[in-house]
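Structure below; questions to follow.
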Amino acid sequence: MDKTVADLATAVADIESGIALMVGGFGGSGAPIELIHALIDRFKATGTPGNLTVINNNAGNGRVGIAAMIDAGMVARMICSFPRSADPRAFTEKYLAGEIELELVPQGTLAERIRAGGAGIPAFYTPTSYGTNLADGKPTAEFDGHVYVQERWLKADVALIKAELADPLGNLTYRKAARNFSPLMAAAATTTIVQASRIVELGGIDPEHVVTPGIFVDRIVEVADARQEEALMREGVAYA
Amino acid sequence: MSQKLSNAQIAWRAAQDITDGAYVNLGIGFPEMVAKFQPPGRQAIFHTENGVLNFGEAPADGEEDWDLINAGKKAITLKPGAAFFHHADSFAMVRGGHLDVAILGAYEVAENGDLANWSTGPKGVPAVGGAMDLVHGAKRVAVITDHMTKDGRPKLVKHCTLPLTGVGCVTRVYTSLAVIDIEDARFVLREKLPGLSLTDLQAVTGAELVVTGDIADLNCPEI
Amino acid sequence: MSQKLSNAQIAWRAAQDITDGAYVNLGIGFPEMVAKFQPPGRQAIFHTENGVLNFGEAPADGEEDWDLINAGKKAITLKPGAAFFHHADSFAMVRGGHLDVAILGAYEVAENGDLANWSTGPKGVPAVGGAMDLVHGAKRVAVITDHMTKDGRPKLVKHCTLPLTGVGCVTRVYTSLAVIDIEDARFVLREKLPGLSLTDLQAVTGAELVVTGDIADLNCPEI
Amino acid sequence: MDKTVADLATAVADIESGIALMVGGFGGSGAPIELIHALIDRFKATGTPGNLTVINNNAGNGRVGIAAMIDAGMVARMICSFPRSADPRAFTEKYLAGEIELELVPQGTLAERIRAGGAGIPAFYTPTSYGTNLADGKPTAEFDGHVYVQERWLKADVALIKAELADPLGNLTYRKAARNFSPLMAAAATTTIVQASRIVELGGIDPEHVVTPGIFVDRIVEVADARQEEALMREGVAYA
């Protein structure tokens, strides 16, 4: 059993149009830039995948990563908590032009919905958003004298994840705060594709230090020289 | 019914259907035996409810580390590429559909896939453990069992009479006499012991055995 | 109203109520300033939504590690005894009531504790982030804010007119003029600038200020 | 800020009668034997705490740990998934005599209810136990054509936890499979009391390797020579 694939193009070769795509990262921290750019390359060459529903905390920054996917016209819908950034042009322009849909979800609810998707919990109750616009139309229920909003799990067809170390079974560690949504998304997607800064041999990750167990991972590609969205943005790179 | 498979042979047969790299949970007791019979060249990755993936065989006597046990509280060892995690993450793997196969024992299996394997009734101290979780979420939920109870009653039945573990959850049953799939709430016979007639098998089965295609011989090595 | 506290002074005042070892989340923007004004000998442990506990100040220019940021996407550093965790665990800390204090900005605060701080209406791109989660779960949810809007309208009101972040969630408000608790759905005045009369303060407050005991002088150092 | 206390007696000195008490461990793996025995010592000396609701996966083994608490007459009610063990006499005798209550919860539901307690999720839906006796009287709901059982969060007043390393802020690691329920219980209890095999200085645990962040921990006592329930049971030790 070896989940390693040879290159980025292979890693993203079978992603179809119209799917729900989770993308790890919080801003640039943990953003799997090289996987995203490989997907953009494929879209430019083949027209696929388009019409994507992208799930991320944000909606891209500058002209790289998710912003570049939006610029390229691959994204029909964003599910996120905070579609603003230092340079939010890509999403903002499309959104104000009515060319991209937005489902705005409070950040903790977004995390918990994704966690529920991976954990087989179809719905849960949360105090978050009760009494606000973002709870409009959602069922509520009272427990112990407090009213809570019912939220549904969130799953995806594919997750793109950036890890620090991976072993061939897909056990993963992350680097610092780049962990954020990635362990949750790895569990909530049918197919989880990982770019790891280094692939180590089996046994190369202490079982106590594994953050994402390999059961949640399907495919791994090594990207030793991964770039940071924030750095690319500051360099003014435009990928799309 | 003089001839039947031993428990080891039932476990061997179930092991043949586990593919390389499959994530597998083996229920405590008899199902644990399945791990011994993986075909050469295939390595399943075993999950245990108490938070370990990719564990291996029991350690030698005296080499036990009692912080490293399986759901049956037996000492285990680790294979390279193991991982530890807490109980909520462990059952996220179960309930979230991340296991490829769960193999469980049974008191009764009904033709609609209902399973009773946790309680023989109101007497004594009830204990459920992870059984009710394991029947949900694994892509395949298989049962290994003797075809009949010790006193000769069918364990494959029309309706379970014992308290249920799960509703409509079992997809395949490996018994001492046959391999049976559950499809559209019916027992579909896939394999039976070569010397056993369909009539005799039906006679010890508590619900109709449906035949939808070839019935293969259930051949197991002497173990 | 010529005299009022600067933002730094409001942040300073809020910082005086944070005890040693308290777990604190500071909303992005203005509230982040509170961290600078912890009294000597006290060290709060700061939480950021994106999965870090016990972070410290911003690194020097050019020393940023963009994998190590706060919820406002600004580079941070770690203190000894820091911890990383994923987003679900991070919001378990928030929603589960494990934070001692959350300090947030506000567009409007109502006398019943309702808070509006995420949307100024239907124009533009809406963005909520963690605000709606933070208002639930922290043992104290405090707001720091100018007492009035830039165009002179009260920010402390009878009913919020902007989209709500949370219902009945704010327990204390630190403004440029006063410190006000919210108790039994009323604004209870605790401190006001020494030169400011209650009448003048009431005149710039959109709901009744209740006095239930002594009103202390709100004294802040020049910062 | 230093959450370390001097000794076991101090660590458990204020635990009151009638509370809900979570105890980490799965069988003997992760059982905080020394904290439990300190609690038994206190009960024998003062008669407090009694009338406890104890939450653990099991209900004790042999005559040590939770079994010894039961033998001592401190436990009015167990919430657990599997009250059987190699030597289940303590619970079995009391249960069959009607002297102890049992709330039997499927193991995954127990874990998720505790996780929900710590995460501020008052209720969630699970497929587990649907159609069985253990769902009797619980609300159900249909999502996407499947029926699920509603389960409530589970919290406790106090959790007793065994960790491997702790720092003065209460950041914890665990040893091997001794992790099990402990990180969940640490978050779900109002007061979490930890026995750590070693207390290290601040910074002595890599922030990437922290399993339980200190925010969930209130009190730490070092027990360098902690004993294993399984070993004690095999030695025939009877503590109560």
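As written, the chains take the letters A, B, C and D, and residue 1 is the first residue of each chain.
Basically, a contact is a pair of C-beta atoms (placed from the backbone, for glycine too) under 8 Å apart; a residue touches a chain by one contact, two chains touch by 3 or more.
Remember, it's a predicted structure, so these values are computed and weren't measured experimentally.
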Contact distance in steps, from subunit B to subunit C:
2
Intersection of the contact lists for subunit B and subunit D
A
Ranking C-D and A-C by C-beta pairs in contact puts on top A-C
So, what's the distance in Å between the C-alpha centres of subunit B and subunit A?
36
So, what's the distance in Å between the C-alpha centres of subunit C and subunit A?
30
Any chance you could list the residues of subunit D touching two or more other chains?
112, 115, 119-121, 126-127, 174, 176, 207-208
What are the residue numbers in subunit B that touch two or more other chains?
52, 84-85, 88, 91, 94-95, 136-137
Overall pattern in which the protein chains touch one another (line/ring/star/complete/other):
other
Chain pairs that touch, by label, are A-B, A-C, A-D, B-D, C-D
Touching residues (chain side subunit C, partner subunit D) in the complex
20-21, 23, 43, 45, 47, 52-54, 78, 80-85, 88-89, 91-99, 136-137
Note: in the complex, subunit B contacts subunit D through residues 48-52, 65-69, 73, 84-88, 90-91, 94-95, 114, 119, 124-133, 136-137, 163-167
Quick check on the complex: what are the subunit A residues that touch subunit B?
1, 115, 117-121, 167-169, 171, 187, 201-203, 205, 207-208, 210, 213-216
Residues of subunit A that touch subunit D when the two form their complex
112, 116, 119-127, 141, 143-144, 146, 148, 152, 173-174, 176, 207-209
Given the complex, residues on subunit A that touch subunit C span 26-30, 57, 81-86, 88, 91-92, 95-96, 102, 104-112, 114-115, 126-134, 174-184, 211, 228-231
